[in-house]
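Quick notes on the structure that follows.
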Amino acid sequence: MASTNHPIRVAILGASGYTGAELVRLLTRHAGASIVALTADRKAGQSLGAVFPHLAAVVDDRALPPLTAADEVDWDGVDVAFFGLPHGTTHAVAAQAPERVKLIDLSPDFRFTDPETYSLWYGIPHGAPALQREAVYGLTELARAEIVGARLVACPGCYPTASLLPLVPLAEAGLIAIDEIIIDAKSGVSGAGRGLKEASLYAEVAEGVHAYGVAAHRHAPEIEQAISRAGGRPVTVNFTPHLMPINRGILASIYVRLNDGVEVEDLRARLASVYADEPFVRVLGEGQVPATRHVRGSNHALIGVFKDRLPRRAILMSVIDNLVKGASGQAVQNMNLMCGLEETVGLGQQPLFP
Amino acid sequence: MASTNHPIRVAILGASGYTGAELVRLLTRHAGASIVALTADRKAGQSLGAVFPHLAAVVDDRALPPLTAADEVDWDGVDVAFFGLPHGTTHAVAAQAPERVKLIDLSPDFRFTDPETYSLWYGIPHGAPALQREAVYGLTELARAEIVGARLVACPGCYPTASLLPLVPLAEAGLIAIDEIIIDAKSGVSGAGRGLKEASLYAEVAEGVHAYGVAAHRHAPEIEQAISRAGGRPVTVNFTPHLMPINRGILASIYVRLNDGVEVEDLRARLASVYADEPFVRVLGEGQVPATRHVRGSNHALIGVFKDRLPRRAILMSVIDNLVKGASGQAVQNMNLMCGLEETVGLGQQPLFP
Amino acid sequence: MASTNHPIRVAILGASGYTGAELVRLLTRHAGASIVALTADRKAGQSLGAVFPHLAAVVDDRALPPLTAADEVDWDGVDVAFFGLPHGTTHAVAAQAPERVKLIDLSPDFRFTDPETYSLWYGIPHGAPALQREAVYGLTELARAEIVGARLVACPGCYPTASLLPLVPLAEAGLIAIDEIIIDAKSGVSGAGRGLKEASLYAEVAEGVHAYGVAAHRHAPEIEQAISRAGGRPVTVNFTPHLMPINRGILASIYVRLNDGVEVEDLRARLASVYADEPFVRVLGEGQVPATRHVRGSNHALIGVFKDRLPRRAILMSVIDNLVKGASGQAVQNMNLMCGLEETVGLGQQPLFP
Amino acid sequence: MASTNHPIRVAILGASGYTGAELVRLLTRHAGASIVALTADRKAGQSLGAVFPHLAAVVDDRALPPLTAADEVDWDGVDVAFFGLPHGTTHAVAAQAPERVKLIDLSPDFRFTDPETYSLWYGIPHGAPALQREAVYGLTELARAEIVGARLVACPGCYPTASLLPLVPLAEAGLIAIDEIIIDAKSGVSGAGRGLKEASLYAEVAEGVHAYGVAAHRHAPEIEQAISRAGGRPVTVNFTPHLMPINRGILASIYVRLNDGVEVEDLRARLASVYADEPFVRVLGEGQVPATRHVRGSNHALIGVFKDRLPRRAILMSVIDNLVKGASGQAVQNMNLMCGLEETVGLGQQPLFP
């Protein structure tokens, strides 16, 4: 597709959520892509600027298509489709897309190799097991080769992205005890989406913090699948998410035990080596502490490595913007790879601070 | 003192910080106490209402004394002195107080049984080792008997209060592996005080989260001292504090390994039993998640107990308001005990939500 | 009623909203009242602690009644009923209460002397015009005599409370041009209630400000009714509310033209005189700027008076906590008056800062 | 300069403040500019990434120069200098720059045509009255022709930018009464800079709002200068700024009286006409309310026009990001004009929401 001379024609299904709006933000400034379809079943007929006034300038500039129902998409004019639909609804829609259309899913519907695991955690049968077999789990830096040739990429969840970037290389190299991993994660509210829930109201979130989904969050099996694969044996992990009164950002504070003969500096060296040439992942120097505000609005991930006071243990700190590297940015990064473009195109946004 | 018929005459040394203001908030509505002296060296001569306009109504109502320098306190008219001074400065001032004055310190200056530990972590020699020997570590619920008869009570730090309320009873009972405790703590900004630091500016804190003092925070040895004493042998702990964009509140998410033969419900049962009759500590039922906003402005602590996905492990969640139970509220609670008053006097404030 | 020796038996209808929770917060510590009924139609059967976990400690302490449907209230055991129901629903319920029960309404249903005005702005007919005739508009400091003998008090809206406290005494005294009043008001989010609205989501509110209801907010006619009455002729006002990313607090910045011969200091003098002995209203000295955080959680109002750069004009600044003086606190203040209690009982909460 | 084939060589003097960081954010992605010098006297010797970790990725990518003292700048290699220095310090430094270097000042030092006005409001004599005479007040959309040929541009303050964009065209057209303008402005905290002030601490700002500088803010005379010029006679204005608990954003709510024969729609039509082809200023349709979050991180301004309830009056609402259109973005926009580049280069950042 890189050899064609038209821009990539992009459809965004589920454009009325925060990840949809973020895709529009990124793709309207993308040198090699053009948005040709936007869907939002309940807001069909409206302009995107009506749903997201902050994008109104964009609508004018670029004449974005109006929102339509998902089944009104004219697939003939689409090269790549992003799916930002609620879980359980992507299977059917994705199965309808012509074979030549590349599919990039931001929902959990294609993240699990084993449809049974999906079914167990999401409470519904997997609706497209055949498609599942060709799906690639798209944590870009760790699956680049598979993503390049893929037709269907399942983008990781925001928490798994933040957690796996530091953990997978360490698990693969056998540096840490993979059956004792404790992930204390903190997320901004946009991760819960734009749906109406009492727990997402300003007055319920501001000026307070709390855990949720303790020992029962659906990102736990997703993390476990990847760690198990990296470590070569099935494991469970502690994954404990907390809600923060911020819009964007995930911080994963990860507590690990070192394997015999391994020192903390070996962890940092391994990660520094793996990510040495990565444009979006930085391993910080000794003593540097990553903060979510250092990556707000950008596709970067920052990773810190610390010695624990407890002997033979280390602490990993990983931060991303949940809507960018944790969702829409990584999705665009994957599109670039799938379509033969430079991986960084359209992702040059720098962090916005303060 | 309870038998006298005058209210307890209270001096607050270091009244221009947030803990000082919080002491005033609590003590001006305290039925058995009267504030007779307020000090703030750099603001001497000002009214407290000028320094804290939210207390201006109180100043009018109760005719609070003006701020003076610490060395202007007329000790003859003082029964109890609260010290909210910077660490390293309390030793000298406390040593000057007459023997009959009860001393309640909110700084770390008297928290360590071993002056060497204090000196090691705070970088200065202990200035009053003799006084140290009579100091009681005032985590009220766990040291009530000692507090009643004490002349000098060192109030615990905010993080230690949140961490030790769930941990000490479990360590004492031998239910958890005390040398593997991981405390991922989240705190509001008021814990850093009213001093001018770039890291405390609104624009540096809002819309972001980050860890700080990783493996090096001064509350770690304080927690270790108490766990070591409870468990009968010296241990270190993982204590990892994080700064949250909230004014008030601490959440300690604590990851523990169960000792052999112990189940998660044994932990809950032990804590429920220990705190059954406590007015300020509540152990939540299964599945209930404590949130800092549930205790904002009140002297309560809430504790949740959860099964981990990792086998043989549990998660403890503990929340307090760092300025109340984590500082000034606990200090007043201790004053009540030391002076023979009902322990709850002046601490009836309910949480303010939203 | 003050002469009886039982506490006032209180019913709270509509206890699952923020104003309901705030009534519970205040009344559980009220020395002369006891909550005997709590209603919330959609949450009937639940405990209040399940709906508002921050009140759980209270539930235990005081054995609050469970939530019931509004029509399950046993009126025989009720002396005073607070109505925190959605507008349009209070008329019918209030009409069912026995004559001997005192009624305190926090909704707009009884705020308008003229049922037509109500009908015009709320889009429904007034359902209890007979009751309306005995309703007193309960801005406590300015209607104390009428409130004392009233059976039905309609508590003012939050914005009107903040606006009218400074404006009415000036309009009555003929000091300002009442047909040119501009009220730029800023409110926290709790004023919008706990209902599920996209506009109340954390991510839609945090890190931004905007106006709403420009020239069309329902508190405008309420303010106009009071100013017109005070000034002796019908007027309209500019009332422009803005949503702030805070939980609690209203700041009304009011721009007024001085009448001939009047100076700014005359305004301050008038207000200082009117409110000289008021426990909850303070007129600040020259140059002192009121802030919402100075009254957070308390029943206080602070008023500042400033000279404008524009000749012959002044600026009034007024702050309250919208849930306390702007709703539940003023309701309790009115209850105290109606029942012959000291007006300040149960309202001693000091501001919570930070 | 546009005809040369090297990128514009830019020096940023005062790079350790928020406007300096924002200049770096914008200029590192600017296709026609290259940063060759960064100064920060008190942080000389540090890397910018050490001072602003969120820019650390940029430092690596582009090899930014280290921070130096202002007097170490090698002017031979500089084409354009941005001054983000404290007021009162720019005069001397700017006077040292060679004649061929274009100067863009973000401080107030060159904003006043009359050095006496500067001196009166800033309390110090004007240090470079000769330079002042060639300074252009750089509100880009309203002074484009002058900016193109200017050597020295004084960028407007953030509040004046938000206020003057709607007001100047209306004053010029004689549509509004210019001696009765009331500007109630709301700003985020970043406008106060990164300096250490108690009033900028998180705990002093969060969860509250208040006015400041009432009738005495230094942006008042700046606004008055522009309105007076546009209206052809000297006027004063009401300008009342308020501090909001947000990082970025200004909302100016402006209350104006219509001149005889003018209707509200005439105001909207005038503004729509003036800004019809502007890339960064949008006049919203009837009923659309601008919000600061719609422009966060972008160089856009949004303007709404509303009918007042008061007869013959209108309300203007204007929003910008104070650090972009209100400071660094407008500065870059001016640089583009001064250097013959397309005005929008480097300013394509879209708003970041949520």
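Letters are used for the chains, namely A, B, C and D, taken in the order the chains are written, and counting of residues starts over at 1 for each.
Keep this in mind: contacts are C-beta pairs under 8 Å (C-beta built on N, C-alpha and C of every residue); 3 or more make two chains touch, one makes a residue touch a chain.
A quick note: this is a predicted structure, and the numbers were derived from the prediction, not measured.
Among all chains, whose Cα centre is located farthest from the one for chain A?
It is C whose centre lies farthest from that of chain A.
Any idea whether A-D or A-C has more C-beta pairs in contact?
Contact tally favours A-D.
So how far apart, in whole Å, are chain A and chain D when each is placed at the average of its C-alpha atoms?
The answer is 36 Å.
How many Å are there between the centre of chain C and the centre of chain D, using C-alpha atoms for each centre?
40
Once you find the CA centre of chain A and the CA centre of chain C, what distance in Å lies between them?
Roughly 46 Å, centre to centre.
Could you pull out the residues of chain B that touch at least 2 other chains?
Each of 18, 189-190, 203-204, 206-207, 245-248, 291, 293-294, 296, 354 in chain B touches at least two other chains.
In their complex, what parts of chain A are in touch with chain B?
179-180, 182, 184, 186, 203-204, 206-212, 214-215, 220, 236-240, 242, 244-249, 251, 253, 255, 289-293, 296, 306-311, 313, 315, 317, 319, 354
Which part of chain C faces chain B closely enough to touch in the complex?
Touch residues, chain C against chain B: 18, 21, 25, 28-29, 52-58, 60, 189-190, 206-207, 247-248, 282, 288, 291, 293-298, 300, 348-354.
With touch defined as at the start, can you tell me which chain D residues reach chain B in the complex?
Going through chain D, the ones touching chain B are 18, 189-190, 194, 196-198, 200-207, 245-247.
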